[in-house]
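First the structure, then my questions, so here it is.
Chains here go by letter, A, B and C, matching the order in which they are written, and residues are numbered from 1 within each.
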Amino acid sequence: MTRSIVFLSDFGFRNEWVGVCHAVIDKLAPGCSVVDLSHGIPPLDVQAGALLLADSLPFIRHDTIALAVVDPSVGRDRDIAVEAEDGRLFVGPDNGLLSQAWRVAGGVKSAVSITSASIVLEPISPSFHARDVLAPAAAHLALGAPLTDLGPALAPETLAETRLAEPLVEPGKITCEVLDINRFGNVQLNVRSSQLVAAGLDRAERILVETPTGGGGVARTVLTYADLSSGDWGLMVDPRGWLSVICGNPVNAAQSLGVAGGEVVWLSVERAEGG
Amino acid sequence: MTRSIVFLSDFGFRNEWVGVCHAVIDKLAPGCSVVDLSHGIPPLDVQAGALLLADSLPFIRHDTIALAVVDPSVGRDRDIAVEAEDGRLFVGPDNGLLSQAWRVAGGVKSAVSITSASIVLEPISPSFHARDVLAPAAAHLALGAPLTDLGPALAPETLAETRLAEPLVEPGKITCEVLDINRFGNVQLNVRSSQLVAAGLDRAERILVETPTGGGGVARTVLTYADLSSGDWGLMVDPRGWLSVICGNPVNAAQSLGVAGGEVVWLSVERAEGG
Amino acid sequence: MTRSIVFLSDFGFRNEWVGVCHAVIDKLAPGCSVVDLSHGIPPLDVQAGALLLADSLPFIRHDTIALAVVDPSVGRDRDIAVEAEDGRLFVGPDNGLLSQAWRVAGGVKSAVSITSASIVLEPISPSFHARDVLAPAAAHLALGAPLTDLGPALAPETLAETRLAEPLVEPGKITCEVLDINRFGNVQLNVRSSQLVAAGLDRAERILVETPTGGGGVARTVLTYADLSSGDWGLMVDPRGWLSVICGNPVNAAQSLGVAGGEVVWLSVERAEGG
């Protein structure tokens, strides 16, 4: 049976880029099920794509092929397919996009450069390897082709990697940054709940949330949105395991903080004035 | 054969929320066909979601499982699966979102609270029951699991319900509200064509459309967009059976009326001035 | 085996229009794979839809049914199904939307008007033939129904056609127009690379890009985005074969040019001042 493909990119849905990749997969591997994990990765944001793929692995079938495309240097990067130590297969550009996922999957077992004339669609558009190289490679893997059919082997140590910026965790204080802002204005931070514990902030009743622009508020830890009254500030572990700043409806946390992706946020125990 | 799932939510496509639910379904029920009815329900608008599901039933296979998620109180609401009297299956939060659909389907035959350890994905994220509770439940139903596998039975009379606001229909006048505004600026009203007849407005050649902000125009009943010349105002029964205010291209009815969802609109027979 | 359907429209994803057509196809042809090529065609832009379908044919399975819906005159246009000389099947309104694709496919072999009572869903909504006429027709074709099941034959010469505006190509100069602007601000022009050669611009080191509003820059021909440094201007053949104006990140070509779809752009060899 044809294996399924999970597909993520920064393509959005304004154009046909996602759709034509689906058409190519349907052409090469009829009946292949393609799950669109997300095509809303911020344009060219390799780090956000890498993180989403890594965070999502537990929810993706083990025998699904992961096809990921966020490629500011399309036409220059090598196109790679990677088998992880746990057997998972990844297809994407060699710019670190796949690296956080393969680390979750135990590291790289083997990798190839996708150049086989029997795989790629000629002529390859220099600016759309997703359609002409990566989607065909994923389709062939879904059909059961071995990795070695796609092209020559690559030494794992030559593959590009990305790593997430780590927050600075001090007693009573965390200096972190914004990973993402969602539809409801929730501000996702690069902080795991274990780091909140390490800073002693999990026991604080009032946590000051501040930004360089002066925006901020006083939050408490909550389990979910429903724990907040209107206008309240909360810190919640989000579904991907990241700490997020949220506000009770109708206040928008991102707007109140005045932050965008990549910007700094400080979390600290609020000290009583004059106390 | 695996049954199909129809999926609607207020998740949008900016994030991976829709995609990761698809991944979970693909993992639990390989080959299950999932139709995305809409993920553009206005955020947290339970009423809009309830209405869309109910209106769409005639176009959905009878043996398809309906998975619906609009849940301002996620983590607090019960998660339910409902079998309607006509045999249709619905999965969603117990906040009324499913209630207009099950009334169309003859009412509730049986209902369960989705809590079975063999169904839900642990640890359940308090803010993402769609991924960890609802999508898995829908996948198991698609595979043919009986409702009772999902959790303990619920008394139908304990389930939350929503009802649509009814317009005020008087001779020559209807006071109604905006259900939705679409991509082309069409203004969907909570009025059925039978109510236009009841008010006698179907026979009026000129119908005054007014709003509290002073926006408005004089419309006539039309069958479709093509019946309007540029700038003309029309009242049309839309594909879901609701009366809609439309304007001939390039005029935008919603902008000209100055209305948003939930706001009041008055329809009345235009009286000749000084006539 | 059920054939697949490729679906494109100007519906967007804000409403349920795309989703309810999927539901109808799933109801009539269970297991039919539907590829969403794009639903981001600019609203009512028949020309853009026609061009996308024609450009995408090489990437679509030969036995896939193409369902296309961009229909400013819905309810007035005939709904048609067309078999091209090469055997491809197209379903859409009779407004030229399918015409550029069937020309690529060798011209019209036969055509029918979709009116058969065994195909359409009654009552047909005058403003949503996609759901009630076109999607059902595509589903029946996917199941293997002959074209003649859909309704009476139409004479090919009575079908509406559209043609793309051709650029004016002169020695050292091209007067063209904007086809589309993408997510990254790239400006797609109605110029093929052969026309760049015909004007002698392919050999120019510096190509002046100008617009009536005074926006513009000096570009060079490049293969892909990665060939540009920050702020550089380039002319690139895009993945669909059209010449596009691009700028090195973070400059947005469309904003710098100050152009929208359909507007004029001039390309010419830059002459040295006073040279």
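The working rule: a contact is a pair of C-beta atoms (placed from the backbone, for glycine too) under 8 Å apart; a residue touches a chain by one contact, two chains touch by 3 or more.
Predicted model only: the values in this text are computed from it and were never measured.
Participant: Once chain A is fitted to chain B on CA atoms, what angle does the rotation have, in steps of 5 degrees?
Facilitator: An angle of 120 degrees brings one copy onto the other.
Participant: Same or different: at the chain A/chain C interface, is the fraction of residue numbers used by both copies above or below half?
Facilitator: Answer different: the two copies use largely distinct residue numbers here.
Participant: If you average the CA atoms of chain A and of chain C, how many Å lie between those two points?
Facilitator: Computed from C-alpha means, the inter-chain centre distance equals 31 Å.
Participant: At which residue positions does chain B touch at least two other chains?
Facilitator: 13 - these are the residues of chain B that touch more than one other chain.
Participant: Could you list, by residue number, the parts of chain B that touch chain C in their complex?
Facilitator: Where chain B meets chain C, its residues are 1, 4, 6, 8, 13, 33, 35-40, 52, 56, 59-61, 64, 180, 182-184, 223-227, 236-239, 249.
Participant: Write out the stretch or stretches of chain C touching chain B in their complex.
Facilitator: Residues in contact with chain B: 11-16, 18-20, 22-24, 26-27, 30-31, 43-44, 72-76, 121, 125-128, 131-132.
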